[in-house]
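Labels A, B, C, D, E and F are assigned to the chains in the order they are written; within every chain, residues are numbered from 1.
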Amino acid sequence: MEFTHFDGRGRARMVDVSGKGDTVRTAVARGYVFMKPETLSMIKEGRIKKGDVLAVAQVAGIMAAKKTPEIIPMCHNITLAGVDMDFRIIDDRNAVAVEARVKCTGKTGVEMEALTAVSAACLTIYDMCKAVDRDMVIKNIQLIEKSGGTSGDFRREEEVPWEK
Amino acid sequence: MEFTHFDGRGRARMVDVSGKGDTVRTAVARGYVFMKPETLSMIKEGRIKKGDVLAVAQVAGIMAAKKTPEIIPMCHNITLAGVDMDFRIIDDRNAVAVEARVKCTGKTGVEMEALTAVSAACLTIYDMCKAVDRDMVIKNIQLIEKSGGTSGDFRREEEVPWEK
Amino acid sequence: MEFTHFDGRGRARMVDVSGKGDTVRTAVARGYVFMKPETLSMIKEGRIKKGDVLAVAQVAGIMAAKKTPEIIPMCHNITLAGVDMDFRIIDDRNAVAVEARVKCTGKTGVEMEALTAVSAACLTIYDMCKAVDRDMVIKNIQLIEKSGGTSGDFRREEEVPWEK
Amino acid sequence: MEFTHFDGRGRARMVDVSGKGDTVRTAVARGYVFMKPETLSMIKEGRIKKGDVLAVAQVAGIMAAKKTPEIIPMCHNITLAGVDMDFRIIDDRNAVAVEARVKCTGKTGVEMEALTAVSAACLTIYDMCKAVDRDMVIKNIQLIEKSGGTSGDFRREEEVPWEK
Amino acid sequence: MEFTHFDGRGRARMVDVSGKGDTVRTAVARGYVFMKPETLSMIKEGRIKKGDVLAVAQVAGIMAAKKTPEIIPMCHNITLAGVDMDFRIIDDRNAVAVEARVKCTGKTGVEMEALTAVSAACLTIYDMCKAVDRDMVIKNIQLIEKSGGTSGDFRREEEVPWEK
Amino acid sequence: MEFTHFDGRGRARMVDVSGKGDTVRTAVARGYVFMKPETLSMIKEGRIKKGDVLAVAQVAGIMAAKKTPEIIPMCHNITLAGVDMDFRIIDDRNAVAVEARVKCTGKTGVEMEALTAVSAACLTIYDMCKAVDRDMVIKNIQLIEKSGGTSGDFRREEEVPWEK
């Protein structure tokens, strides 16, 4: 098995996908931001007051999905067909769960777009709350599933438990 | 205590820092990518062959630090004085540890730049190895320390252990 | 009728267009910059001297069309097939009219690209003349027509008169 | 009086401001989006449901302020000290009023950043509602006031009435 | 023969390619950085120590290929299928040769992407070595060959000798 | 002498300049585009008709100067105080000479900004004329002089003759 991002001499390259077909591809990624209980409460209250940390994180995630090829050097620049972000408050763990679903019709998968969207949303949550909680930790950013493409579908067998 | 990114009515804003002084500020952030033992071996061999996953991740992290205000909506756009990335192979845990140190002379801290650099480097490692290991997980992205500015210095009391 | 940019729970998303076909789509947008008579005279003379405010605005409009998905959060990133800018001096109204025509072969329309190109060109005119006229006003940025796509063609029934 | 963006031979340039002092500068700009009454109602309901058109427009405006030098060719790239967006529903005119306040400590004013933020927010409102109302018109984007810098303060004598 | 980037009245535009077919297109470009012998030695040693000037230049070239439509105003924004960079040390001429191969499936060629990748890699070499050698010169950036598209294939008859 | 972009272990970094003072810094760079006589004639005629290749290249150069830290990985992101582009037609050599002058008040020099502006302008000339002349060659991009900063002033002893 070879890293496809390296050519014969070991140099980085953007892999040639011109021989691949245009198929519908999807990817789902998840991640978590752990924080103090007070911070989570403030996010929840903020949402009620419409000073919505998660509304900003949602926009950040969607915009970051489009910016993926500028952030990840060997990633192909592709046109995305759709991006969906979802947030869940996990009260008993003092965490916010972040999920991104990305879709495209193209020659390469959208795993990196989904993972980048989750990362950007988590970073945005950190940024907006850091004045009250610098100890927050971003955890377990992972690909949950992907479909489409010649490498076949992927479904993570066991999600890395968010409590870890 | 208030979220400073929200004004009185709860709307997001980029906080006014014009009253703050220009001081030297630093931030250190860390994160980890967990993977299969075979994947870690390939990274290590790749480095030897100069098809260096970490060399690409290093460039990705530094460039992402500069791109932080484009990724995080309420983050100030500032001029950075220096960015340093460091990687450590943690063999017995099958992980790569990523660290970013960012410095500026300005009116706001560089925590987000350091965290964004770490995130981008972790995502790049994922991207470059995903053909052989889609189960990799990015874990425990966290601020380790910051200095400078009126909010005082910060030093994480206990680093979230990388094995978690 | 529903805002398609919001999912069931009212969260913003980039709408899934993967089921749509690739068709040729066009859009035409217009806008106006009103100014003092002296400012308009200077633009006209500048053009003659080749210190051409409108030449810079033209480049600005075309580059902004390509940058649309970075400016408008829920806008799909697409590949454009062509962009044309046009300017008319309206002497008796002390205005410059700006028009953009954008074309693509894809799954979504190019209305936003045309409107963004017009906005950027108007802002550039403002920027280049503001040292002599801060009272300029950008007016009536509007979609004139679009074609292609399942939502059908659109042709504005009555252009908002530029004198308003 | 000369266009300062053109040198002696009439070529565009980014004006040398290295001789200017670093002072606090502010700018306020406004603009309007006119729409059908039903569209305005949907925005208002959407806000209540937290599918908030204006929340997305707010983020768009702030991010666009930072992107101003990429959109407007001769505009200096500066570090912003703060950006605030504000929206008002004008029911009896079927319009949304958009206001941006931008602040910096630097050698050039922030008029263009304020005007660009307003433009991007107006375009975003258009984008998010265009599925139900392609006839919307963006009107009267204008500088309301600026302070700081050698060219003196500016205060628009009479705001261009939003009903026009 | 007409410059296709200008419309009838001599205004710049992004040429309409919507009538063109999607075909596989490739382009190869080359360029050279000339330097002092000591500088070349340091690059070679640096490569051995893994402080690899060319590894950074390689990433820079690939990322710049994707950024081409942001750098060259009338260039279409397209999705690239692959980018490959190659470097050769030319000891007896104290030069580094840089080559980029770009591929896409689309309606326009990728000459500009290949030339931009070469330019960015050359500039990066300059940047990383300029502390020891400000006299470096970037020379003979040229298209070597292209294939695909209606304008036919191109193969430079005689490469501009790198010693010039 | 050491490459300052590499730390002790040979890893790329963005060098810490926080200890440097803010001084006025300038840089001048030059480059050349060689072409067929017919191509040069068309540029000259185009300019007369106001379909001005050089006007677009001028805007491209200025915008690229601002984009330098996105193109060159280890380059600091700084605020520029001014950018000036100049073009000369060299009839007897069938060339266009491109010059950029960049100025800033900051902690790092602006050599890379000047060289990047020249490169982007040359690439833009190539792009706009390539339909009639794919044999054009970009030559001798070089730093002519710089001033300001602790490394002292630089003045190229002998410009690399443009005929080479």
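The criterion applied here is as follows: a contact is a pair of C-beta atoms (placed from the backbone, for glycine too) under 8 Å apart; a residue touches a chain by one contact, two chains touch by 3 or more.
A quick note: this is a predicted structure, and the numbers were derived from the prediction, not measured.
Colleague: I need the common contact partners of subunit D and subunit F, sorted by label.
Modeller: The common neighbours are B, C.
Colleague: Could you tell me which chain lies farthest from subunit F when each chain's centre is the average position of its Cα atoms?
Modeller: Farthest by centroid: A.
Colleague: Would you mind checking which chain's C-alpha centre is most distant from the centre of subunit B?
Modeller: C
Colleague: Give me the superposition rotation angle from subunit B to subunit D, based on Cα atoms, as a multiple of 5 degrees.
Modeller: That pair's rotation angle lands at 120 degrees.
Colleague: Suppose each chain is reduced to the average of its Cα coordinates; what separation in Å results between subunit A and subunit D?
Modeller: Result: the chain centres lie 31 Å from each other.
Colleague: Between subunit A and subunit B, tell me the centre distance in angstrom, where each centre is the average of that chain's C-alpha atoms.
Modeller: 15
Colleague: So which bits of subunit B are touching at least two other chains?
Modeller: Each of 7, 11-12, 50, 52, 55-56, 59-60, 63, 67, 70, 73-74, 79 in subunit B touches at least two other chains.
Colleague: Taking chains as nodes and touches as edges, what kind of graph is this: line, ring, star, complete or other?
Modeller: Topology of touching chains reads as other, fitting no named class.
Colleague: Judged by the touch rule stated earlier, which pairs of chains are there in contact?
Modeller: Listed in label order, the chain pairs in contact are A-B, A-C, A-D, A-E, B-D, B-E, B-F, C-D, C-E, C-F, D-F, E-F.
Colleague: If we count contacts the way the header does, which residues on subunit F are in touch with subunit C in the complex?
Modeller: 47, 50, 52, 55-56, 59-60, 63
Colleague: Could you pull out which subunit C residues touch subunit A in their complex?
Modeller: 7, 11-18, 69-70, 73-74, 76-79, 106-107
Colleague: Spell out the residues on subunit B that touch subunit F in their complex, using ranges where they run on.
Modeller: Contact set of subunit B toward subunit F: 24, 55, 58-59, 62-63, 65-67, 79-86, 103-105.
Colleague: Would you mind writing out the residues of subunit F in touch with subunit E in their complex?
Modeller: 1-7, 9-12, 31, 42, 46, 49-53, 55-56, 59-60, 63-64, 67, 70-75, 111-112, 115-116, 119-120, 122-124, 126-132, 134-143, 146, 151, 154, 156, 160, 164
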